[in-house]
Structure formats: structure tokens, C-alpha cells
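Just so it is clear, A, B and C label the chains in written order, and each chain counts residues from 1 on its own.
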Amino acid sequence: MRMIALIIIVLSGGLLLYATQDFPQWADPASPASLHLSPHYIQKSMEETSVPNLVTAVLADYRGFDTMFETTVIFCAGVACFMLLRISRQTPEDRYYRHISTGVTIHIKDGGKIPDKSKEFERIDTMWTPFDLVIKTVCRFLIPFIQLFALYVIAHGHHSPGGGFQGGVILGASIILLAISHNLRTATKRMNEKLIGLLCVTGVFIYAGTGALCLLIGLNFLDYSALASVLFLDPVSARSFGILIVEIGVGIAVMATMIWIYNNVSSAGKYDEGL
Amino acid sequence: MSDLIPFIVAKYNYWIYITLMMIGLYAMIAKNNLVKKIVGMNIFQTAIILFYVSIGAKKGATIPIIEHAHGDAHGAVSHTIEIAHYINPLPHVLMLTAIVVSVATLGVALALAIKVYNRHKTLEEDEIIDQIKGI
Amino acid sequence: MSQHYPALLVIVPLLSAFLISAAGWLNKRLCFPIAVAALSVACFSSVLLLFQVLDEKVVLYKLGGWSPPWGIAYSVDYLNGLVLVVVSVVALLNLIATQRNVEQEFSEKIGAFYTLYILFVTGLLGIVVTGDAFNLYVLLEIASLTGYGLIAMGENRAPLATLNYLYMGTIGASFYLLGIGYLYIVTGSLNMADISAILPSLYHSKTVLAAFVICIVGVWLKMAFFPLHAWLPNAYTYAPSAVSSLIAPLMTKVIIYVMIRLMLTVFTPKYIFSTLNVSDSIVWIAVIAIVMGAILALGQRNLKKMLAYIIVAEVGYMVGGAWLGNRAGMTGAILHIANDALMTLCVFLVVGNIVYKVKGYAFEDLKGLFRKMPFTMGAFVVGAMSIIGVPPTCGFFSKWYLISGAIQAGHYGFMVALLFSSLVNVILFFRVIEISYYEPFENHHGQESHPGKIAEAPLTMLVPLLIVAAGLVVVGVYTGDIVNHIIEFAIPKGIV
């Protein structure tokens, strides 16, 4: 296998290196890639969409259709992970509990009675989980700020680097941080599986639904200027608002899917013990 | 030889991307462990992102966000926009998509690896093949 | 509304996939009806779109209202108009036919299953309808990711087979992406029509050559063209039956459409057949693919794997036909996309029915099935005749075009390979029919089903199957019309 791999990489690497000879100079302002499409984006997008961040303008408007499917790709991955891993029937397993006031760990073998509801015990994942007061407190303190920053990144995508994907990932990461610093059950108590599944759908549906609304109003799919009649704006500002709406949709979908994938993969579909 | 060095230096990031990509491809084909293959796959996809981002670069240009443009004054700034002043935004847009795709693929691949592990109790490919043949 | 058909075709299934996913959490019984409705709309608009193409030649749809090189545009011409109809019809028939299989195999995750099913079909429809090279990559990934999720739900070895498919598929799709990047760096464009307008001045560029090689190799990986086919047989064999009868007819054919689209629209026939001098060697690879596929199929002792190897051979037919470089060969390849999708659907639906009743698909499980399931096995005979290439069925006609293309190009190796594989197919299918007709019924799967219990599959499975089987004959009868009115115009004038 090693020999085959070596032969393949020498052949394909050789082909790729051979092709670089005809590449334009690196970072050349006169290369075809900089001259054919991008001048239009750079010069016109401000007057056509009124979004100063060109990446956002191209991402959510000129090539908004790609981005819709990009969000759908994430959604597909979430559904696929759920479908592959989720085990709904819970087989009894060994569980560990800690008596909070004394710190004694009890080990309950399969089928044993479980003090789930008791206030005196807390469930722990391994035989010995340290009292991680510092980690828990610091994370609890940080998570609201992380979420605030995420909202800023989503909302400010028009004017600075950012947007739905970046903000959505940060939002998702804040919940995943909760799951890592405490445990998976704490995180799923805050956001249960059904909520996450429905949020995923809502996010992508906001995007595709905005597009379909434009189609129903009478213009082409995803032509946000159609929203002008609904939002009482001029068509160019309507594009800018349309971009904001879909960015929010993307943010929700990406956040929920990241959490969904993390929950499924880290607990192998059992939603019981995380990492 | 004296020709080669300027040739490499002028396009060094393309050379780096090809090297990275071949490392990833080698891992995907030659490695025995299924998770190592997934890591190789990620290196492979990241190399392509490096390639695209290199296309977008432009000497003397800044990030593609129009300066001094406030949302309300659309149209007013258009006459001052210099093409040479901003880098090409399109490759960045394409790579946002590619990053998302590679994350999604990674998630599904890890889920599959967990499933394989649950079934065969190992992630070494040769051991799995031995198991299948033994049955 | 008529100008929106290209968008509706993709958007309606997409939106309904989200609805199905929500229904999966709220009310599971709604999933199947929404799926059927969505695919019916897709089917309906694809047929209307084809009629529109017959009138207007090219239907262009600007998504977001941006004109092509800057925005993304859908462009539908004769070639993808035909493929769209095939994809949506096959997906709809399979959806209805496999309802029982799905209930049997996925009782708990029915919402997730239908979500992935509809998204898979959306991905394929999007691949076919789009006129933008990068958009194609995104949709290719949607179709692949959903495909991985669906295939891996199968029996024992399915996860491992899917993981291998995922590695190969990712390499293939990434190669395609890289090839598009190489085209972008020299042309600065992502729109297919725009690229092909810029390319003529760059025919001798090394970058374009590399882009071509990478794209084609990537696409071959995805379609399981012979030396790169290793992932296909296991993935298709271990997939759940409702999934293999969806993915086996559609995935490889759509990717072959992508290859033909790259050849005809992006790189243009002039570059492919005149500037590059590779078509002869590629046809020889196709010859090896056909022969090896046939031989490997002979070695199999179970029906599904045998059919999977036949698909490997069929991929060889279409790639070879497309690369012959003449009109007859290309016609054969395009016609075979439609025909092969239908006949693969037919035989895989039969496998689905058998799995539903007998719970197995090894050759020993087939004994005596002709008595027990006469209609199912009758449809199997029609499908088999079509794959072999017996005259009234459609398989004969596409093979006829392929063979006459081979003779016209003077490529007798390809002709011999086609005849050889037809002969092998006769042996393969005769062996299956012999086992199921002459050997007495035996019950391997023991206690829960008594010998007398095995009967014909329920009507919801049978009716779509019989429609497909009848369709094989009907398409065969109307081949002349399809070729004269559609495929004739799908091939550029440059190819004689």
C-alpha cells in the first residue's frame, strides 16, 4: 500500500507542480482571477447591495444560492450524524454517583436503583471526577460574554469580518464549552435534543423561506430586492436587510448543528456521558 | 539551478499547498488506522483552501471591506473605490463554503468511525479485515 | 409561474426536506406524504421544463436576479432536461415502491431517513440543473453526505464500506474542486458557459491541461470507473434495500452526466477531441472496465453484489461511448444514462421486494421464488432482458448506438467488449433465473416465516415495479423519438 501511495502522490504532485508553471505570478493585480469577476464585486456591490463587507455581499447575495446549500450541507451532516449514531433504547450501564457533602463515590452496576432525583447525589462520568470548582465557575462566567460576542459577529457581518457562519460557530462553541466544563447532561438539560433538531430546521428554513418569499412576491428566487415591498424600503436597502435575515438563519442553523453533531459524536449517540 | 530558485520563491505558496496536499493524500492511502485517514483527509482539504486563498491575494491590497462606507450612504462612495485597493473577495467566499463542507464531512466521518469501532472494536483496518475474513 | 420551473424543481424538495425533518420531531406520519408531494412537484416541473426546452432550446434562470458570470445561473438545455426527468421520475417511483421497506428497516428514524432521501434527490437535481461549476461542487457534497448517511444504515459491514466510500468520494470531490480552482486561476470565472468562452485562447496552457486531468479523475472516482471502482460494490451491497435502489440507479448516472457536461460545455469538444489526444486510451480503459466488471460479476454468489459489479461494467459503457468522439457514441452514452437508470431501478426494486419477503439476497435465498412471487420475478426478467440488450426493451437501443459508434470510430475493441459483456450478462441472469425457477423453495430464515407464508409483495411495492418494467419497454419503443427530438440537439454540431 505504501508503494502505491508513493506512486500516486509522486504522479499527482508532479502534475500539479507542472501546472504551476503557467500560473500567473502570485498576488499579481493583473491576474485573470483579479480582472474578470472581482472588479464588478469590488466596485458595484456597495451601490447594488449597500454592504461594505464584500465577502458578505458576495456570500449572501451574488452567490447566495451557494451559501444556502452550504447551510444545507451542515444540516445534512447533522441529520446524518443523528441517523448514524443515535440510540434511543437505553441499555442499563454502570453509573457513578457522588455524595455531594462527603465526596463518596458510589458505583451502581447495571440494573441497580438509580438515585437520579435525589438532591444529595450528583451523577459523575468516571470513577473519580475531581471537584472542578474553578473550571466550572470560570466557564459559567465566560459563556455569556462568548454568546454576546457571537451575536455581535452575526449582526456586524455587514461592516466587519464576520457573519452567520462565524457567529453561529461561536454560539455553538459556548454551549459545547458548557458540555465540556460541566458534563453533557447539563448542556442537554439547557438545550434538549428536540429543540436542537427544530432549531436546525428553523435556521435553514429561514434562509430558503426568504428565498421562496422573493419568488412568491414575483421576482427570482433569492432576489432580496423583492422584499422592498414587504419591508417598505428601497430595493438596495432591502438587499442589505435580506442579507441580515439570511445571516441570522445561518447563525441559528450552524449553532444548532454544531451542538447536535457534538452531542451525537461525543456520546456515541447515547446522550449520557460526554467526553 | 539558478532558474529554479526564483521559480520556487515566486510561487512558494503553491509549492507549500501541493506538499501539504500530498501529505494528506499519502495518509489517506497508506495509513492503516481509520482515524489517521480522517486526519489525512482534513489536511488534504485544508491544502485546497490554502490554494484558493492564494489565488485571492493581491499585492498592496487590503481586506475586502470598503473603507469609510457607512450603511446609509450607499452609492455615495462608489466613485472612489479603487479595484487595486481591495483583494479579490470571491476565493474567500468559495473557501467559506469549502470549510463548511470539510467540517460536515469530518463530522460524518467521525460518526462512521464510531460506528465501525462499535461493531469491530478496533480502528486498525487490517485487524478489521482479518475479523471479516475470519467470520 | 412558468419561468420559475428550474428553481421550483430544486426549491420545493429542499423546503419539504426541512418540513419532513420538523415533522420527524412532531408527527412522524406526515413524513411520507410530504416526501411524495415534494417529489411529485419536482417530477411535474421537470417534465414541464423539458417541454419548455423543446420550445426555447435553453432555459436560463438567474438566481437572486444576478446575471450569469457574477451570480449563479441555472441553465437547462436538451441534455440536462432529459436527465432531470429521469432523476425525478426514478426518485419518485422508488420512494413509493420502498415505503414498506423503509417502515421495516427504519421504524424509529423515519423522519431523518426521508429528510436525507429528499435532500439526496435535491442534491442530484441541483447537480444536473446548475450552470455554475462551483455550485455543482456544493450540491455534489450534499448528495454525497446524505448518501453516506443513508448507506451506512445498512447491515453488518455497511459502516466500514461507507467509510471507504467517504474517503474515495472526498478525494474525488476535492479533486473536482481543485480542478475548478485551476480553471478559475487562468480564466477568472466559475460559470460553465463563461469558462468555455474564455478557454479557446488558453488551449495550450499547462494549467488547463492539469485542470482537465484533475477534474476528470475526480469525476471518475465518484462514478467508480474501473481502476477507481473499489468502493462501489461493498457500499451498494450492504446499503439498506430502499437506499440501494435509490443510489444505484442515480448516483453514478448523474456523475456521468457531469463528465459529459464537462466534456461538452466546459472544456468543449474541440479541446477534448482535437487538442488532447487521449480519447483512444480512455476508450481502452473503458474496455478494460467493461471486461473486468463482467468477470468480477461472474464470481459473485449474491444477487446484490452481482448487480453492483454490473453497474461497474455499465459505467464503462457510458464513459467509453462518450469518449468515442462521434455522434453515435455520444448518443448511446446519453441514452444509456436514461435507460440504465431505469433498468437498474427495476432490478434493485426486485431485490428490495425479495429482501422484504425473504430477508436475504444470496443466490440460495432465491430458490423457487418464481412460484411465490411471479410478478416480481416477471419484472426481474424484463429488467434482465434490458440489461442484456434484447430488442423490445430500451437496453437494446442504447447498446445499438454504442456499438455503431464503436464501428464508426473503428474502435473494434470497444465493440467486442460490449458484446462480451452482453454474453456474460446472459449467463449471469440466466443463472439467477434458473435458480429461482427450477430449484424448489427452501426456507433458510427459519422459524418466523413458514414456507407457505412467502407470497407476492404488497401492491404498493408491486405497482411501481410493474410501471418501471413497462417503462423499459415503452422507452424502448419510443427511442427513436427521444433520440430525434432531444438527444440530437443535446450534442453540439461539432461532433459528427
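Following the convention adopted for this analysis, contacts are C-beta pairs under 8 Å (C-beta built on N, C-alpha and C of every residue); 3 or more make two chains touch, one makes a residue touch a chain.
Since the model is a prediction, treat every value here as computed from it, not as a measurement.
> Between B-C and A-C, which chain pair shares more contacting C-beta pairs?
Answer to which pair has more contacts is A-C.
> Grab the C-alpha centre of each chain and report whichever is closest to the global C-alpha centre.
Minimum centroid-to-centroid distance belongs to C.
> Suppose each chain is reduced to the average of its Cα coordinates; what separation in Å results between chain A and chain B?
Each chain reduced to its C-alpha mean, chain A and chain B end up 18 Å apart.
> Between chain B and chain C, what is the separation of their C-alpha centroids in Å?
About 29 Å separates the centre of chain B from that of chain C.
> At what distance in angstrom does the C-alpha mean of chain C lie from that of chain A?
Roughly 32 Å, centre to centre.
> Give the residues of chain C that touch two or more other chains, as numbers and ranges in rising order.
In chain C, 134, 138, 141, 145, 148-149, 152, 159, 184-185, 190 touch at least two other chains.
> For chain B, give me the residues that contact two or more of the other chains.
Residues 25, 55, 90-91, 94, 97, 101, 104-105, 108, 112, 115 of chain B each touch two or more of the other chains.
> Got the chain A residues that touch at least 2 other chains?
16, 20, 23, 31, 33-34, 37-38, 41, 63, 66, 70, 73, 76-77, 80-81, 84
> Taking the complex as given, what residues does chain A use to touch chain C?
That would be residues 15-16, 18-24, 31-38, 40-41, 61-66, 69-70, 72-73, 75-77, 79-84, 86, 88, 194, 197-198, 200-201, 204-205, 208-209, 211-212, 215, 219-225 of chain A.
> Which residues of chain C touch chain A in their complex?
Residues 4, 7, 11, 14-15, 18, 21-22, 24-25, 61-66, 69-72, 108-109, 112-113, 115-116, 119, 122, 126, 132, 134-135, 138-139, 141-142, 145-146, 148-149, 152-153, 159, 182, 184-190, 198, 205-207, 209-211, 213-214 of chain C touch chain A in their complex.
> Would you mind writing out the residues of chain B in touch with chain C in their complex?
Within the complex, chain B touches chain C at residues 25, 28, 34, 37, 41, 44-45, 48, 51-52, 55, 90-91, 94, 97-98, 101, 104-105, 108-109, 112-113, 115-116, 119-120, 128, 132.
> Which residues of chain B touch chain A in the complex?
So the residues of chain B in touch with chain A come to 10-15, 18-19, 21-22, 25-26, 29-30, 54-61, 63-67, 69, 71, 74-75, 77-78, 81, 83-84, 86, 88-94, 96-97, 100-101, 103-105, 107-108, 110-112, 114-115, 118.
> Spell out the residues on chain C that touch chain B in their complex, using ranges where they run on.
Residues of chain C touching chain B: 134, 138, 141, 145, 148-149, 152, 156-157, 159-160, 162-163, 166-167, 170-171, 174, 177-178, 181, 184-185, 190.
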